[in-house]
Amino acid sequence: MVEYSKIEFLAACASSHVRDGENVFGGTGLPLLAALLAKETHARNINLISEAGFIDARPREVPLSVADTRYYLGCSASIGLIETLGFILQAGHVDVGFLGAAQIDEYGNLNTTYIGPYESPKVRLPGSGGGNDIASSAKRLIIIMTHDKRKFVKQLDHLTSPGHLEGPGSREKWSMVGGGPEVVITDMCQMDFDPKTLKIRLMSVHPGYTVQNVLDNVMFDLIIPNDVPTTDEPTQEQIDVMHRLDPHGVYLGKGGS
Amino acid sequence: MVEYSKIEFLAACASSHVRDGENVFGGTGLPLLAALLAKETHARNINLISEAGFIDARPREVPLSVADTRYYLGCSASIGLIETLGFILQAGHVDVGFLGAAQIDEYGNLNTTYIGPYESPKVRLPGSGGGNDIASSAKRLIIIMTHDKRKFVKQLDHLTSPGHLEGPGSREKWSMVGGGPEVVITDMCQMDFDPKTLKIRLMSVHPGYTVQNVLDNVMFDLIIPNDVPTTDEPTQEQIDVMHRLDPHGVYLGKGGS
Amino acid sequence: MVPDGSGLFWGGFGFQRPPIAFASELIRQKKRNLTIYTCGSEVDLEILVGAGVVPRLEIAFVAIEALGLANNMRRRVAEGKVEIEDYSNLAMAMRFLGGALNVPFMPLRSMMGTDMVAKSRYRGDEKLKVIDCPFTGEKICLVPSIQPDFSIIHAQRVDMSGNAQIDGIVGEDLEGSRCGKKLIILAEELVDEEEIRFAPEQTKIPAMYVDHVVITPFAAHPMMCHGYYDYDLEFLQMFHKITRKEETWQEYLDTYILGVENHTAYLDKIGWSRLNKLKAIKPRGY
Amino acid sequence: MVPDGSGLFWGGFGFQRPPIAFASELIRQKKRNLTIYTCGSEVDLEILVGAGVVPRLEIAFVAIEALGLANNMRRRVAEGKVEIEDYSNLAMAMRFLGGALNVPFMPLRSMMGTDMVAKSRYRGDEKLKVIDCPFTGEKICLVPSIQPDFSIIHAQRVDMSGNAQIDGIVGEDLEGSRCGKKLIILAEELVDEEEIRFAPEQTKIPAMYVDHVVITPFAAHPMMCHGYYDYDLEFLQMFHKITRKEETWQEYLDTYILGVENHTAYLDKIGWSRLNKLKAIKPRGY
């Protein structure tokens, strides 16, 4: 049996949503690990783009920053931010973007800016970065989060990046280039969106968790289909590749598994 | 005595209006020859810019095109059009621009697009190119033309590039970045602009011409000051430098002098 | 590949990297009703409008620069066979930048106060708009972005996957290559992927934008390609002279464009000893 | 050189070429009330807000990316001592592009529908405007251009006249370097003019824009400078840890910033054997 940590499960699961040949926005952290894992396994021909300016990147080690020189080695072009976020992303060339968040609501809207009221924030988070741009313009959005009741909220403290906003028609109202969130992956389950209401819907539950576990950790009414399968486990190859990509355990956590 | 052709006189005269250390938009043709002549004589530290993207150019031979590779050799930066016309020119960094025209009116407005009515033009000229941009945004504009009655007209067939438009306040109305035309140089005379009315005013007459010659070749009321000096002649050094810069006589005409 | 009626961003600037081989091929294939978008082009536009391929252009400039007026263009405009919607160079470059950014317009400070604002050939209200800036209140000119059917770009080298490198000035080709719905690259040579990835900063056009690549040596003749060959001044002067009259232009058209099967045959006709003399000397690049 | 109350475009992106030596010097000179404009910065913003130099920022991002939240920023915001006007990365880059182009605004398709449009920290109506496009009728977001008092850029090399070359990614430094009223360059090394003019395409910032140059080796430590040195991961982790508490941050401030006379003394304190180990290996660049 394959041994894996929660983080490894999450990364492996996220990577399975990347299709070969796609233009993928990498970022850093877990999303980047997922994208790199996909590139090293089932999706060797993805075009990995870092918003800082690297195109078709092939980093040998996992970069710690979107601007890390590790992104440069072997990339086919090294340009700038207007190129990646403007010419590529805003023009609709990005197939998949990855985002994390501190809070998500039932339409997949994301908060990465403030916890607490805007007027007197309790916690300043990183902010949008390229997140809002990616959420606005990537064709598909994969959201990765650790599962926690305080993160799956009915009302965001701050709406940083658009999911499906207020539901059907919302993104069209703002002529958004991208299609919005497609899947939300946590260490507990996978969720997608009900095509009619564009609200979050349970898709599969990870081994060791139940539907009830998920429901206990969501503060809105999660749509539960009749049939909720168990998520596939990572393969040994995936675990090995991740350990090779992140030898210092920066993303995977010290100790690896 | 120095021997020179009309064209050589024109180029030498134009070059005298370039001051050392300035950012100069070169173009091609006579304006470029004038700028290069200045750089080789009294204004060695001008920053010669070609709108195609060359910055601080030091061509050894005269380029035939704003994009000629002759502009590249020894330049300090090679970028693009948005850089030169946008970041540099539109942002107000260009001290002097040179323009020629097929027609000019008494406010220094220029036509480089059509002869004849817009609806059924008799002659298609080159068009604006970067001319309108230069006329809009360069701090000072030096206009170089061969002198001909049909070129100094009361009413342009087409207003391509702004001079002082309709006089005082006109450029301010459109928030123009640059100061507009400062001097008009022909093979017959030099003209500047009356500060009050912003209309063309005779400044000096070239050796061999009279004020009456000039008046006979202008179709609007040219302002004539009480004192009209004779323009300085080119030096032998200037003639020699021009012949070296344009050995094939592309700009100077076959035969040189 | 390019259907009649298409709109094309046309790459190159002045004497540098004009895709003349592509223009000749469009003529041989008897394309009609193409619209050209570019800041300025020279020999390529002359042959395209001379041959009746292009009745409409949105450009800032046409001439053979130092050599003089564009004679074919002058005749075709006087005949009423060609319509030009006039913009300035910066305006066109901003229209391509806006197209590349996928926003509907871009602001600029040129053109105001002139007939380029007052008069329109065929776009009418859609040529541009002068507005009061919502932030500062000052006048500002908005030009509509362009996303044409095709972008045609001439680059120095490409690899198998389509990464294209341009040396020397790029003019408006960065923005222009990204604004078209499809991108066709003419390249002087095919190089190994390793060579591209060794100098990724020279990859002005990443493969992800590229739809088709044609390896075409001397694609710009009689114009120049930085680092590869100089312009053919004698030929250029001959070209400019023959375009003064319709008869001599038609002779040229029959001889150098319609009378040759393809670009290789054109180069053979020009003669390789002549072409080899044009080859660039390093490091000067021409 | 930088008066209290100035606005600064702040160069570098993520771990790459942040002008940290300049931030430390601003702190040593006890500057106050500076406003920072940048897409995102990390250690530099942490020390600037931690030391009370910068009460206002217009940014898209602050964190130590992979390492976690910006602790000093978090504390200062919670204390009400720092205000951030939030934009997205593209929005900030477009604001710099607009400033460089000297137009009052730029259009973009992000931010709409979110609290970045609905809420403003201090710019109010001047934060942005969502309009109906006068050409297409669709919604489009206009962001105001920025032309700050200074642009601060960290480059790999300059020549005596100020031509600055940047290797690797440029982030938003091209636009940022051109948008400021004055431009200060921190460079890792001074090179001969010939070297610059041999590769003019690498001159990302021509001398004509440059007002002041400071030759500052290891200006980005503990972050990286492409082709020159890698980040100092151990130091960075230490830094991130000490910023969690005000007391340990104050100790750091006293030791590594206020307690050293200048950048050279800082480097001596870090130790040259440690710094030399960070030096980049060719051709990988880190």
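In this document, chain identifiers A, B, C and D correspond to the written order of the chains, with residue numbering beginning at 1 in each.
Simple rule for what comes next: contacts are C-beta pairs under 8 Å (C-beta built on N, C-alpha and C of every residue); 3 or more make two chains touch, one makes a residue touch a chain.
Predicted model, so just to flag it, every value in this text is computed and none were measured.
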Notebook entry, point to check: Which chains, if any, touch chain A and chain D both?
Noted result: C
Margin query: Need the most distant chain from chain C, centre defined as the mean of C-alpha atoms.
Written below: A
Next item on the list: Averaging only over C-alpha atoms, locate the centres of chain B and chain C and give their separation in whole Å.
Entry: 26
Next item on the list: Express in whole angstrom the distance between the two chain centres, defined as the mean CA positions of chain C and chain D.
Entry: 38
Note to self: With centres defined as the mean C-alpha position, give me the chain A-chain C separation in Å.
What the structure shows: 41
Check: Roughly how far is chain A from chain B, going centre to centre by Cα mean, in whole Å?
Finding: 57
Next item on the list: Give me the residues of chain C that touch two or more other chains.
Entry: 101-103, 108-109, 138, 140, 168, 201, 283
Checklist line | Multi-chain contact sites of chain A, meaning residues that touch two or more partners | finding: 54, 72, 78-79, 82, 86, 90, 177
Check: For each chain, which other chains does it touch, given as pairs?
Finding: A-C, A-D, B-C, B-D, C-D
Margin query: Under the definition above, what is the set of chain C residues touching chain B in their complex?
Written below: 12-16, 39-40, 59-63, 65-67, 69-70, 73-74, 77-78, 80, 84, 86-91, 93-94, 97, 108-116, 118-119, 138-140, 168-175, 224, 226-227, 230-231, 233, 280, 283-286
Notebook entry, point to check: Which part of chain C faces chain A closely enough to touch in the complex?
Noted result: 100-103, 159, 161, 163, 178, 196-197, 200-201, 203-209
Item checked: chain A to chain C touching residues, read off their complex -> 23, 47, 54-56, 72, 74-79, 82, 86-88, 90-93, 177
Notebook entry, point to check: What part of chain C is in contact with chain D in the complex they form?
Noted result: 98, 101-109, 126, 129, 131, 133-136, 138, 140, 142, 144, 167-168, 198, 201-202, 283
Notebook entry, point to check: Where on chain A does chain D make contact in their complex?
Noted result: 28-29, 50-54, 64-73, 78-82, 85-86, 89-90, 109, 113, 118, 120-133, 136-137, 158-162, 165, 170-171, 173-177, 248, 250-251
